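Take a look at the structure set out below.
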Amino acid sequence: MPFDLLVSALVAGVLLGGFYAAVTVGISIAFGILDIVNIAHPAFIILGSYIAYILNAQFGIDPVIAGIIALPAFYVLGAAVYQVYYVSFEKRGKEALSGLAFFFGLLFITEVLLILQFGVDYRYVQAGYIDNNLGKFLGLSQSLPKLIAELPMRMLVPCVMSILMFGVLLIVIKRTFIGRAIMAVSQDALALQLMGADPVRIKRIAFAISIATAAMAGAFLIIIQPVEPSVGREYIGRVFAICVLGGMGSLTGTLIAAVLLGVAESLTATFYGPSWAPAVSFGLLLLTLAFRPSGIMGR
Amino acid sequence: MSAPILEVSGLGKRFGGFVALENIDLKVAPGERLGLIGPNGSGKSTLVNCICGTLINDTGTVQFNDRDLKGLITHERTRLGMARSFQLPRPFFSMTIADNIRVPLLYTLNAHRSEEQIAARCNELLGLVGLAGKATQFPRDLTQVDMRKLELARAMAVEPKLLIADEAMAGLSGSEVTDIVNLLITLNERGITVILIEHIMSAVMQFSQRLVVLVSGKKIADGAPDIVIRDPEVERAYLGQ
Amino acid sequence: MRTMSTWMFALVACVVAAAVFFFVPFIGKILGWGDYIYIASYTVLQYVVLATAWNILGGYTGYVNFGSAAFFAVGTYTTVFFHKLYPLPIPILVVLAAVVGGLIGLGMGYLTLRLRGAFFSIATLAMAVVLQTLIVNWDFVGGSRGAYVIRPASIVLFDSYIQYLFVIMLALVVIAVTVARTIERSALGYGFAAIRDDELAAEASGVPTLKLKLIATALSGAFMGMAGAPFPYFIGFLQPSGVFGLEYAVNSIAMPIIGGTATWIGPLVGAILLGTLQQVATVTISSAVNVLMVGLLLVFFVIVAPNGLVGVVQNLFRKKPGAPS
């Protein structure tokens, strides 16, 4: 096995994994913590990609900034979706079948609306750094070690920004009142009552945050690769594989699992061909479900 | 005591780091009426779940009619003749009251029963608990006490040798409690061993021939009811909370 | 409770099917569609089988399968595989597809059904992606380029090959609906419903839940595979992206839910209504708008009428509570 190829595949995998963490963190909150099986999450991510695309194409705004601009809108969208979900399903105790069907419907509605609006052509964004590697971008091609200098900015920026977003979320969850209330919502209804928090409100906030992350993840996605509406479905297997592997709702577990999957996919793509990569996540998901449903971080 | 119908020995159960049950020993004689009490969170329901196979105990054994139940899942234990009612009633909400009873009737007797036999047994059970007039209603239309009765009727439909009633009377009024106690005593008189878990002391005292007390996952007393409730350790546990 | 026996029902279903067989050409004439009426009806009937199959698992036991397209594709590619290897008559292919679909359902179920329901749903969703990956990489069945399956020019006993396919699908509908109805009224049906309502209570009532769930996934997978088996001969040229397409995934869930999941009538009504609507609509609007319409209807129904059209009608006609099925 050529050593260089292995190393660069590993590095690419880690970069990819960082990005996957951003893609998955929304699911980890919704599914892992709130127990809401939001299978439409990838569709919201693609929606985020298209918003980044519009802002970038129309106004030349940097995609990452575009993602940040879209955050509040996605937060509101998330709060609205939760409200509908709560009133229609959670309150009636019908979340199992009907709730799943609801999100399934949302997935298709979002995807088809995007198809109707933008067609099935691939869209991409433009920014100065996207086609560069780190060495060229910093003008340090000569002085940096080759491996580092050749890191593609297209992967590096999303990865770094993802980890940044991840860190912010971790701090919010661990350090703030809202964050602790969100964790309590899933584990300890009594503690939540003692904190004097309204569980529905806390869940709405948490779900809104989870959808808001899709705005960022979408922007990162369209930096990494051109996007068309059905790309989202490839991510369904991935995000749930990562979420389950990471131990459902453990944010640290999510990060580790994301990097693991990124590396596994990158190695598969390098040594067996990229057309096999989508199968990796599913295989991993099935193996996890079959042998270790509590995930790598589980007891 | 004759050979026990149920014998729990050295049973332990943890949830993560939390020890819910520790080294529980319990023998129940055939035909006995046993009361199981303990403060909230003392592990009573957890013990029931371990006995019935809803949870898997970490240590110890559960024997039913001299048979080790290890590895048997809930429905297999049910088919051996062990029935339970749930602390919070869990009826099949989409089915009528009669159909709720039909499910265990269809799934527990090895010998094939004809449609008529099933219908007859179903009516008999509904009559026994006093729900005969509500056979075609749905669980959501029932009152609390009827819901408890349905829970008991469904447990009875598995033709159990042992019935474990987990707080069959929580939230009921005085006369309703007497109703259920009388019902349980009737069942016991028909030869069914009954374990009753209950917070309402008057009901427990009226019902039990023997009393077992759990506190923080440990068995602290086991004996005649009037002696057990005067046990200083038991008094302390109840006053402490 | 007055109920028809299974054999009586099967007989009635056959009579209805025969009536459909004779009426469809008439409708074709009136609309001036010619043979196209067979193409349209075949598609609707195919959805009846898919929706009924989905409902055996999803409606009866409450386990949501998102991978209908994958099971359908399994049936389809079983046919393609044998077509390349050694062409067999379609009824035999249907049986083979049922076996393969059933086995895949069983395998999926075995791996995930011991866990919470959501995991099963997610696994089926991911499975669609992976099976598609496998097919795309499998050159023997055409890979990503797709496969041509040339149908014979004529077939004995039938006016045209498309009429033959239509009759096969009609037969599958009769079988699927009869099986679904029989299950509903049997001990199996009570067990399924108990699982859907409360698995813990079902176990405590002596219901072997895992075994029953596996029976449901296997049956459901088998019928979906059957629905896909004649498809290559119907379509002539098939590509993975088409077979694994949106329409199948969304329709086989939307149709039972819109019709009503509690009984065999729901998927039948939902598939006929929605399927016909789509057939009429494809003439006028794009397939994307089609999927959009189905998605919107699905969301509308789960929110506003979770018991589907059957539930709506029942509510209209029910004077007193009680007296179900």
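Each chain gets a letter, A, B and C, in the order it is written, and its residues are counted from 1.
One rule holds in what follows: a contact is a pair of C-beta atoms (placed from the backbone, for glycine too) under 8 Å apart; a residue touches a chain by one contact, two chains touch by 3 or more.
Computed from a predicted structure; not experimentally measured.
**Student:** Mind having a look at which chain is the central one, using mean CA positions?
**Tutor:** Per-chain C-alpha centroids ranked by distance to the global centroid put C first.
**Student:** Two chains share more C-beta contact pairs than any other pair here; which two are they?
**Tutor:** Top-ranked chain pair by contact count is A-C.
**Student:** In whole angstrom, what separates the CA-based centres of chain A and chain C?
**Tutor:** About 33 Å, centre to centre.
**Student:** Distance from the CA centroid of chain A to that of chain B, rounded to the nearest Å?
**Tutor:** Here chain A and chain B have centroids separated by 47 Å.
**Student:** Between chain B and chain C, tell me the centre distance in angstrom, where each centre is the average of that chain's C-alpha atoms.
**Tutor:** About 43 Å, centre to centre.
**Student:** Considering the complex alone, what residue numbers of chain C touch chain A?
**Tutor:** Going by the criterion above, the answer is residues 58, 62, 64, 66, 111-112, 115, 117-119, 121-123, 125-127, 129-130, 132-134, 136-137, 144, 246, 250, 253-254, 257, 261, 288-289, 291-292, 294-296, 298-299, 302-303, 306.
**Student:** List the residues on chain B that touch chain C in their complex, please.
**Tutor:** Those in contact with chain C are residues 52-54, 73-75, 78-79, 83-84, 86, 90-96, 99, 102-104, 106-108, 136-138, 141, 154-155, 157-158.
**Student:** Could you list, by residue number, the parts of chain C that touch chain B in their complex?
**Tutor:** 187, 190-191, 193-194, 196-198, 200-210, 262, 321-324
**Student:** Could you please specify the touching residues of chain A with respect to chain C in the complex?
**Tutor:** So the residues of chain A touching chain C come out as 31, 37, 39, 84, 88-89, 92, 94, 96-102, 104-106, 108-109, 111-113, 115-116, 230, 233-234, 236-237, 240-241, 244, 273, 275-276, 278-279, 281-283, 285-286, 289-290, 293.
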